[in-house]
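In what follows, subunit A forms one complex with subunit B and a second complex with subunit C.
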Partner chain A sequence: MVRITGRYLLRRVAISVVTVYVLASLLFVLMHAMPGSPIDALVGPGMTSEQIENIKQRFGLNQPLWRQYIEFITSVTLFDFGYSVQTLEPVRDRLLDRFVPTLVLFAPAFMLQYSMGTIIGTFLGWKRGTKTDLGGFTTGLFMYSIPFFWLGWILVGVFSYELGLFPSGSMMPAFTSSFGWVEAVTNLLWHMTLPVLSLALVGWAGPMLIMRTTMQDVVDADYIDFARAQGYDEPTVMTRFGARNALIPVVTQGIIGIAFMIDGSVIVETVFSWPGIGQLLVDAIFAKDLPTALAAFYTLGVLIVALRLVTDVVYTMIDPRIEFGGEA
Partner chain B sequence: MATETKEVEADTGSAMRERLYPFVVGVRRTWKQFTQSKLGVLGLFIIAAISFIAVFAPYIAPHPLEWQAFGNNPTFQQASQLPHPPAFGDPFFAPLGTDHLGHGILTQLIYGSRTALFIGLAAGILSSLVGVPLGVISGYYSNTWVDEGIQRVVDVMYGLPFLPLVIVLVFINGVTTTNIILGIVAKSWLNNAIVVRGQVLSLSKRPFVEAAEASGASDFRIMWRHILPNVLPLGFIYLAQDAAFAILIQASLAFLGLADFTQVSWGTMLQWIQVQGYIYTAPWWLIPPGIMIALLAASFYFIGYSLEDVMKPGSNQ
Partner chain C sequence: MPEDSTEFEQLVDRRSVLRYGVIGGTVALTGCTGGDDTETPADSATDSPTGTAEGTPLSTEEDVERGGKPVVGLGAEPQAFNPLVTSDADAWAIMDRLYPYPTVRDPADVENTHPYVFNDWSFDPDSLTGEVTLTEGFQWSDGEPLDAEGVAWWFQYLMDQSGHRYESNTNQLASIEATGDYSLEFELESSTAAVFTPETGVFAVPLLPAHVWQEVDDYTQYSPDELIGAHGFEWSDSNPGNWYELTANPDLLPDEIHEGPFIDNLRFRVFGDMTTLIQELQRGNVDLTYSSITPNRAFQLQDTDSVKVWNSRARGYNYIAHNMRRVPFDDKPFRQSLGFIYPYNYLQSQLRRGLTETGDYVAAKVYEPWRPDSFDQPMDHGPYSTDDGELDVEQAREFLRNADGDHEYTFGPVESDVVTGDQEIRVDGELLTEAHTNNDGEAGQGPISLVITPPSTAPVEAQAGARFVENLNEVGIPAETQPVAEGSQNSLIWVQEDFDMWSSGWIWMPKPHMYMGFWLTSGSVDADSSSDQVNLNPMGYTNADDLITEVQTTFDPDAQKAATKEALARVYEDQPVLVTEYPNRLHASSNAFEGWVKVPGGITQNPWTYLNVREA
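== the complex of A and B ==
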């Protein structure tokens, strides 16, 4: 195994830091490009100009622009987003409340989707050019094209509205505040089933496509023929010799896959009223709560940048054929 | 200067032919490979069919777009029948039923294909127009400040979350179809640029590029006449994928309420059913737009991925 050069790592970290900085600056620009003032939601018609001045003072809006910019960047870097103009709570608290549900929903969905996709992709790549391959490939691409929210509605319509098997949304039953430990977990699983299922149904084609392509390359390799010659049976050759060697791109692309899924959190969480960051973003946008909306946007962005950094490092660690230091 | 133009004019026919020749050969070769894939042909066929429907919408649709089942001033009893399930002539003709205002679902579906195709193709073509040239330039001038600059921009842009960025951009700039397309393009050119750059990196080490360089061709000429025709098929794959993605993003935005509601589209049809609360009671209204979105997006994907399949060396046994 090749070790990563410090220079390469440093370069990737530097790029990530710059990306986060640009993201923060973009937020500042967006904040000021928005029609109206960020505090419009707080200003009522009966307010005197002193009261409005007072609010501006509190949100730091009467300082010169460059000072606002510096203060904005420093506070955003420390994940301090000020106060929500919708609820007047600190935005950070709202974000923290939402962070865990997003992870709770997406971690299992991601695992399910990825294992489904990888297994099916292995199989299709192995059987390349056959009717099975064509059928699986077509089905995968078609399901990949289904608008997620529509599939969610149909699943809710069938399993929740018609059959009454699963709840139609949210994370915990309403009107109850304290649970026993077991009860809480069962309830959570019960509420998670539909969103996780629909995420997996739409998304499995992503890893399937990658796995299928790399498997197709592996099928012709000499070591596969050798494995056959050694007398291993076909399933063993496919999994132990074929799939293991085809897995690298799936692993590295997988981290990008997480980023892609987080992207979709906006839709998923809105459909299933899941109290996560994506839903917070949408709610905040429609409530014109700019600090919260931009903070949610920023958090998702930082998450993606971090994941990309991890991808680069992992990629170079598990694939010894990659050259470092050259082009990043 | 004047003589130059004259020369070009005198020789326009053959010069044009010569200029287009590598392109024509490339297209012909790709087309031959492409038709080997049944899936790609199926995708092309579906897109052709939907384009036909979009172009001749007024002649195909059973009613004009503003038609309402009971007129625009229904009696209380008539209004209570809306949204109406599929009806064939009694009391009116609406093969896929109507929505809450009595608009025919089939009619809306047919006119909605216009918006979907427009958004898909516009976003796909625009991302290629931005991404492919930048990819070519970045790949050709690799390891210079030009490449470095473009790559850093790509890196930073890649860090921004896609859908949230489009939501924020569209919300700030106003919810119009143009803004939605521009918002999508702002992110989707990245893939084109990255992939094309990779291809150009390997192309520019090939003999024909070196030969052109040795015979004193300008950088622009090499990129335009020798490299670009060779990356166009690849660009086309990503055009198709971008188009599919744009159609899905537009539907998602419509679901969130960020769509131009003066225009009929499949996304807005789904948004209306949500707003009016008939999701679980009017399947004739819920199912068709979703199927159409999936079908159109899927056929763009079919084209893109089957091209990718046939273009990979050694993949056609």
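== the complex of A and C ==
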């Protein structure tokens, strides 16, 4: 049985491509709609007209707007964002350099929060209407409403400044660049503990709330009663028959969650001086480094659009009831 | 850290905390360059060598403790390590440790230029030619000597390139060539009094290794990972965006300059935010803040035994600029009257907690030798402020009523909504809201407005601006604030000149006689506001051209000082800008490192202090 047709897939890809171009065009418009000129950061009162013209020429700002637009769209399509006005390095290299630290931080945080959220959500959904459910639900909502940065500061204050158990920031100890393998891993784990916790302790509530809700629907399903009638014990019924069927929305939400989690890196990486894409974005904005900031925004946008597309495809693959693009 | 204070540097103590109010603020200036902490080169001033390196020791060298690896906290990641392009203060924190300058200035002796890489020099203003002898013993960290050939090549390279940060310095050079291993000859395009002046003269350029830069194709895209320096330090290691380490190598620096660096390593650590930096300082993991900290943080740190806070004068000033194209700002007495209305005392005592000084001349108080001796010398020029810096409504009104300017001012019944006083001003018989013009001379522009940076970005400046506007309305001058984001101000002010009054500041203005030329003369004015270029005198002020030119072409130091005083007095009398304050800079240091010594030109953001590691 074909659950997703080529035509449907092609249409979704086309929509995604159009969305990305709309995003790129919007960024171009915003860049030019911003107060001042994109080169304001580079222009000082001491500069001569010739110097300012040179800068405009260097960044192609002396060309007609339509030509700037075409060059911009062509460049971003090829992920060629030009040079950073902040560091003069190719922006693509800067993004790639920062991608690994971001991945190192967010992969474990993502896994931790989704594991916690799914397990707790399963349990609370299974215990629907009990005091345990109410208590867990309330705690989840409370944690969900806490800002990342606030929790980050609490963790830093308690575990770093008061107890001295963990470093307050950075990815590795300062002023040392050569580590043994074990030493490097140990240091990395030691440095990432607080930022990972600050993400996971807030983020687990999202998947928990979804899992709890879908589990509550599953609890009354016939196949659950049937499983019980077959003699399976309660934990087995809950996990093998209940949780597996309730997991689909959590999985699809999780794919999008990856993109939004990286989006949230802006705050966490800043609080913990973590050298990832989020901190790069903040630095670029403060330094008025438009090429880098645009590249970071664009990359995050493309990531979200791509993950949306992946979600659509994955959805059909993990849920046999869903069929897209087939005959009615 | 030395315990003795100087005139320029005072330890913030608990008494000063108690003396001043509760409302906090920030001492950081917004800067006309959008927060840029670097200076803009200009012209002027004469500087003959006033002593040899031996003859003018830069500091007390006795009992300098050797060793140690002090850590300097940076508030942001250094941008490109390319001196020709970047004006980023954090990058310069490191580059200044590696690239020496031809001449230097000592805060203890602000009047004179001191030898550094240039040991001796001469210049003939008639033939426009000069000679330089280099100090022997400077060496690049890769083993190459710093000699005349390299220096000549470097300046020739700068003359050949365009668009770099030092173009306005080196475009005054006609030629330069080595005449020996350590001797140079040069010729200028035109006469200038600022040939060897540190910071702004023709040769006020960091010296970079010619043998490295000969390999650079396009300087605009050059961003090295490691630097070759000749300033007593060499690049050791780094983790870009996180930390940078330099190793001291006294062999790179001639003993004739001094026997330092006296430390083993100098480390720079990058923090994402100031709060973390300060906490690491309190824990002893950071030894010094490179940037100035806010008064609030300074006072908090006074309760920490492990930290000291140093308070030093800055070289900049905050101001309110007036658009002299518009009625009523086209009238000198009106501009002068604003000094009686500005809340100097509120700003200094409450918002700044006493950590600034009240402004007057367009020259910070560190430049005392150039400032007028009094308000009646060299000419009668004010003062245009109340004795206590508090608003005196009647004094302000009386000043305007008695003014002998282009307009006649009277006060009558209140008609404008914004006026809170019991009378409202009339300009030549008209309500000010009707008389008020724009740049095209169209009247009826309503209340006058003060462009400020939004409170979220610059809360203290916004509070001071709001109080100023309150005071204006109380006097009977209809006014309002106009918050404009910093990014928008660049175009609004410098290109369109579309403002009545504009609140801003200079962070590091070099000696007064050097910068007046680009910021207060007709050469930088777009009189009818028709040009779409950046114009450096948005006020449209032209009345001190003759005096400023005199300053810039006077070679005798004493005569130049006298001319500068006269120019400053004229500018104060004309009030194109109302200088509101001279803010101070606050640097926190940890007690964990005890190797600090008092020398100029060091590792804080303010080389005008003595709070430095012994290295330059």
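What we mean here is this: the second predicted complex is superposed on the first by the 322 of 328 C-alpha atoms of A that agree within 3 Å, B and C clash if a C-alpha of one lies under 4 Å from a C-alpha of the other, contacts with A are read in each partner's own complex, and residues count from 1 in each chain.
Here is the rule we use: a residue touches a chain if its C-beta (ideal position, glycine included) is under 8 Å from a C-beta of that chain, and two chains touch if they have at least 3 such contacts.
Just so it is clear, the model here is predicted, and its values are computed rather than measured.
Judged by the touch definition given at the top, the superposed model places A:F137 against subunit B, while subunit C stays out of reach. In the superposition on chain A, A:L30 makes contact with subunit B only, while subunit C stays out of contact range.
Residue contacts after overlaying the shared chain place A:G129 against subunit B, while subunit C stays out of touching range. In the superposed model, B is the one of subunit B and subunit C that contacts more residues of subunit A. By the touch criterion defined above, A:T270 lies against subunit B and subunit C together after alignment on the C-alpha atoms of chain A.
Once the two complexes are overlaid on the shared chain, A:G169 sits against subunit C while remaining clear of subunit B.
Looking at the shared chain after the overlay, A:I285 reaches subunit B, while subunit C stays out of its contact range. With both structures placed on the common chain, the touch criterion links A:N54 to subunit C but leaves subunit B unconnected. Applying the stated touch rule to the two superposed structures, the overlap between the subunit B and subunit C interfaces on subunit A comprises residues 34-35, 156, 161, 270-271, 282, 286.
Listed in rising order, the residues of subunit A touching subunit B in the complex are 15-16, 18-20, 22-23, 26, 30, 33-35, 129, 134, 137-138, 141-142, 144-151, 153-154, 156-157, 161-162, 209, 213, 216, 220, 259-260, 262-264, 266-267, 270-271, 278, 281-282, 285-286, 293-294, 296-297, 300-301, 304-305, 308, 327.
On the side of subunit C, the complex with subunit A involves touching residues 32-34, 36, 40-42, 69, 71, 76-77, 79-80, 82, 85, 87-88, 162-163, 167-168, 220-223, 237-239, 241-243, 245, 267, 269-273, 276, 279-280, 283, 484-485, 487-491, 494, 518-519, 533-534, 536. Residues 34-37, 40-41, 43-52, 54-55, 58, 83, 86-89, 156, 161, 168-172, 174-175, 177, 269-273, 275, 279, 282-283, 286-288 of subunit A are the ones touching subunit C in the complex. Those residues of subunit B lying in contact with subunit A across their complex are 38-39, 142-143, 152, 155-156, 158-165, 167-168, 171-172, 244, 248, 251-252, 255-257, 267, 270, 274, 279-280, 283, 286-287, 289-290, 293-298, 301-302, 305, 312, 314-315, 317.
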